[in-house]
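Note that the chains are named A, B, C and D in the order they appear, and that numbering of residues resets to 1 at the start of each chain.
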Amino acid sequence: MAFDELYQEIIRDHYKNPRNKRELSHLKAVENPSCGDSVKVLLDGDSQHIENVYFDGSGCSISMCSASMMSELLTGKTVPEAKQIVSQFLGVIRGEQPADSLDDLGDIAALKGVIELPVRVKCATLAWHAVEQALGDL
Amino acid sequence: MTNHQELLDAQPKVQRLRQDFPILNRPLVLGGKPRTLVYFDNAATAQKPRSVLDAIRSYDENANANVHRAIHSLGEEATRIYEASRDRVKTLLNASSREEIIFTRGTTDSINLVAQSFAKLLSPGDEIIATEMEHHANLVPWQMVADQYGLKLKFLPITDDGVLRIDQLPVLWSPRVKLVTLAAMSNVLGTINPLEEVIAFAHERGVPVLVDGAQSVPHMRVDVRALDCDFLAFSSHKMGGPTGFGVLYGKKEWLEKLPPYQGGGDMIRSVWLDHFEANDLPYKFEAGTPHMEGAAGLHAAIDYLDAVGLDWIHRYEGLLLDYAMEQLKGIPRIRFFGTAPGKGGIIAFLLDGIHAHDLSAFLDSRGVAVRAGHHCAHPLARRLGVVSTARASFYFYNTKDEVDAFAAAVRDASAQL
Amino acid sequence: MTNHQELLDAQPKVQRLRQDFPILNRPLVLGGKPRTLVYFDNAATAQKPRSVLDAIRSYDENANANVHRAIHSLGEEATRIYEASRDRVKTLLNASSREEIIFTRGTTDSINLVAQSFAKLLSPGDEIIATEMEHHANLVPWQMVADQYGLKLKFLPITDDGVLRIDQLPVLWSPRVKLVTLAAMSNVLGTINPLEEVIAFAHERGVPVLVDGAQSVPHMRVDVRALDCDFLAFSSHKMGGPTGFGVLYGKKEWLEKLPPYQGGGDMIRSVWLDHFEANDLPYKFEAGTPHMEGAAGLHAAIDYLDAVGLDWIHRYEGLLLDYAMEQLKGIPRIRFFGTAPGKGGIIAFLLDGIHAHDLSAFLDSRGVAVRAGHHCAHPLARRLGVVSTARASFYFYNTKDEVDAFAAAVRDASAQL
Amino acid sequence: MAFDELYQEIIRDHYKNPRNKRELSHLKAVENPSCGDSVKVLLDGDSQHIENVYFDGSGCSISMCSASMMSELLTGKTVPEAKQIVSQFLGVIRGEQPADSLDDLGDIAALKGVIELPVRVKCATLAWHAVEQALGDL
């Protein structure tokens, strides 16, 4: 795959200008075992509704932009909506659901390129596993 | 007679399949005479179809790289091939999820993994039930942990015909029993054990069951969800795949409970100098660089077996067995070990007064490869009152003509030795 | 400059050798453009010469049968091939006897074997010394037994350049130290450790030393008798042999002392229902059907390496390393990890501000395969103050031109990312 | 290999009419792990000289004839002579010494056929490992 196919402009933008990133030093990180990258996610809201999503972490463009895009996408959603989106995204990235179903989810569709790359799937899904845990803890 | 007709009708299919196995068409010269190989040692290891050899070679020539960690094209390709093999095994077994499929070095490694990890959850005095017909692979690992952790092993006995005395299960049972482990099919007797009954009995008492599937998975359809076993172990090399590779299926709830087995790369989530956190399933149990050619080859082997048809394989081997028994029965001095109804395609036998080694050396000189010995089931041989037996074991690529050649050679041995 | 000339002079030989590796001549298409593969991930796994692929295939097409037990021609042939590979490893390592060569699944399996068996000889409070630069394979198994048996792990520190602080050995020492374990060569830093000094120090105190030879045996001549190590572990797949196979060398006196590791067929002398007697060396540690293709392939790989010349390989990789360092040094933002004198052909590096994954994905799009991550040495990465690095690692089939292509791609990454 | 090449007349004769075989139920057997065959050896003599060699056991033609031939061969030998013969035989059968060197040892030369057969080597050497132990225990 050409570098630019995977690292689209929008991905580089989220990497350089992450949305909703702030220090969350008190939280436990979710780690990628193969590289040590890590993401933390904080959900701000009540058990029904997500008002804000914040993340913290260090990692490659794919993992960090995925976290940034995820935070934008889930902001303002109800908890069931958020859970549905998380399982939809993970299903697509794992190749279990058609890639096109990401198209109406905004920027995140740019990550479709990793579906063919099992090693990068771990980068793309890191933040989503973190938010899955955070949703479970609500 | 209608079975005989069915056997005859199947020969053209078998002849076609044999073309896929280079070794079956290998010229043999024995004592200066050209012979065709009659390979009846399939319970020890099976031969590989060309598609498996090609899958190994193609992996090495096109994709070889280390899996799971490399952000480069070969690494992605190797990972995809490795993980696709896991998905294929999941489908073969009808497992609930890919996390339940652990790749190991083979049946022996799979059972050692469970024994070592499971034993850490037990207390001295806890009991494990196995059977008198187990292969050493499903016996010695339990002896080792019994010795180390103060556990007690109990054994379901067998009848003289080689049938499991399942009626003894309630007699052996106690509240201290923590696991039942048994072979789906005996590699000596050919007996197919009543797994469903054993599993139902154990599950009613909340106790898990490990099935040694080394002899069942290659020869019949095994559905872990229908069977409801908690663990299933088998080897790639007995089903046409590469050596040094195998599978442990485990129910997710059990695999999550068990502590890791070996330490190393891939089985960790994070490591500090003084401790580590284990990775998620299935990687938690897969330490170190895996046998990637093994995964590629097993995938091809399963595709091959599924195309041939596992139900057909089971049926056909039954026909071969019946036919072989008919041909052997009248031979002077012959004695059979294991005559359970509905048994698999394995015949353990002796000619009275002839040692199994000498018999098998004689058969080998006729191009017929059978095994002689205790077949890694020493206590079973003792139970049968012998030191060693000869064993012929079939696979789907064996023919009626091969059975004829085999029976003729046994008849000659009986006359000449 | 004379080194540079030597590098240039070696290129025709390297080009000839490359013809033996099908994958190095494989066409690659990346982003629509044809590329030639630059494989610099050899520390993870090496590519296989055609002679190894042929040895595997020939084994499967001509000899495949289970070893050690079959009185038939295929079984004899398979056993001969399997045991000849053991003799070949013995000669490669200059071991005293073939009983000292145990076949395993790889370095990870070899080290787990020693850890599990050795720990059974120890008492709570006993100590094991490792180093800060160990691969998880030589760290996590020790953590597991330390946890289970109440042992204490201590770690030799390293300098910022990645040199082992061997001066700290007397400081760490105590009469409770029962084993020292360390890598011959770090898979991240490339540092070649002063094994002779460590071994002499430990032996003066009656303590054995395990050497993780995963990165040394493929790249230089290792003579276990000259070195006098007590155990040596390595993997077939890092030296051009098959995956899922490896070696544990152990001095006979130690292997005799250690209890068996896994239970199953072949590792026993006799078995009863309630106990077993272990087999002689080396079989005592080889349970179950072995990886016979692995043995056949490793034999061919060793023949190949010996024909190329292990001393030449070591020398040539040093020339490549020096040349690569020259090419990389001026690149803006580049930072190196591990600059020990005399190190092996491994370069761990970063471009400041660029994550190693992104860097390696960029290099991959140019056809250059390097690795990114903690390289299974998480604590070492922490010690170096990074999460992950990119790593280029060479083998004898890599060329000066490939280094040029690599350096050009790193320079572009530095400019564009 | 043709059956008769391996199973020569002399081998069959020793199997059918074993020399120096008697019950030795009080001794511990040496076993062949791959088949369970076993041999016991009793040396009768003093620490210098072997007057008689007896064996007991069960096994195939190769292992039993080897035991029978061994007992004939070592009868009346001095201990150093016996040790030398044992190591010579084991060396040849393992392929470490030339096969011809068995030719002046009488019937035992008939066992040269197993050199090429690693699995049968275990049968041929069983009695010799037993006598090696017995010599060591003298």
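Everything that follows uses one rule, which is that contacts are C-beta pairs under 8 Å (C-beta built on N, C-alpha and C of every residue); 3 or more make two chains touch, one makes a residue touch a chain.
The shown structure was predicted, so the numbers you read here are calculated from the model rather than taken from an experiment.
Asker: Looking only at C-beta pairs in contact, point me to the busier pair out of A-B and B-D.
Answerer: Between the chain pairs A-B and B-D, B-D carries more contacts.
Asker: Name the chain whose C-alpha centroid is most distant from the C-alpha centroid of chain B.
Answerer: Chain centre farthest from chain B's centre: A.
Asker: Any idea how many Å lie between the Cα centroids of chain C and chain D?
Answerer: Computed from C-alpha means, the inter-chain centre distance equals 43 Å.
Asker: Starting from the mean Cα coordinates of chain B and chain D, work out the distance between those two points in Å.
Answerer: Distance between chain centres: 36 Å.
Asker: With chain centres taken as the means of their Cα atoms, state the distance from chain A to chain D in Å.
Answerer: The answer is 73 Å.
Asker: Do you know which chain D residues sit against two or more other chains?
Answerer: In chain D, the residues touching two or more other chains are 1, 34-36, 120.
Asker: Quick check: what residues of chain B touch more than one other chain, meaning two or more?
Answerer: Within chain B, the residues that touch at least two other chains are 30, 69-71, 73, 75, 266, 268, 270, 357, 361, 372-373, 378.
Asker: Which part of chain D faces chain B closely enough to touch in the complex?
Answerer: Interface residues on chain D, with respect to chain B: 1-7, 34-37, 58-63, 120, 123.
Asker: Which bits of chain D are touching chain C when the two form their complex?
Answerer: Residue list for chain D touching chain C: 1, 31, 33-36, 116-120.
Asker: Which of the residues in chain C come into contact with chain B in the complex?
Answerer: The touching residues are 22-23, 26, 28, 30, 37, 39, 41, 44-45, 47-48, 53, 56-57, 60-62, 64-66, 69-75, 105-109, 111-112, 115, 120, 132, 135-137, 139-144, 147-148, 153, 155, 235, 237, 242-245, 260, 262-268, 270-276, 287-294, 357, 360-361, 363-364, 368-373, 375-376, 378-379, 382.
Asker: Name, in rising order, each residue of chain B that touches chain D in their complex.
Answerer: The touching residues are 30-33, 355-358, 361-362, 365, 372-374, 378, 381, 387-388.
Asker: Which of the residues in chain C end up touching chain D in this complex?
Answerer: By the definition above, chain C touches chain D via 68-71, 73, 75-76, 79-80, 83, 266, 268-270, 279, 283.
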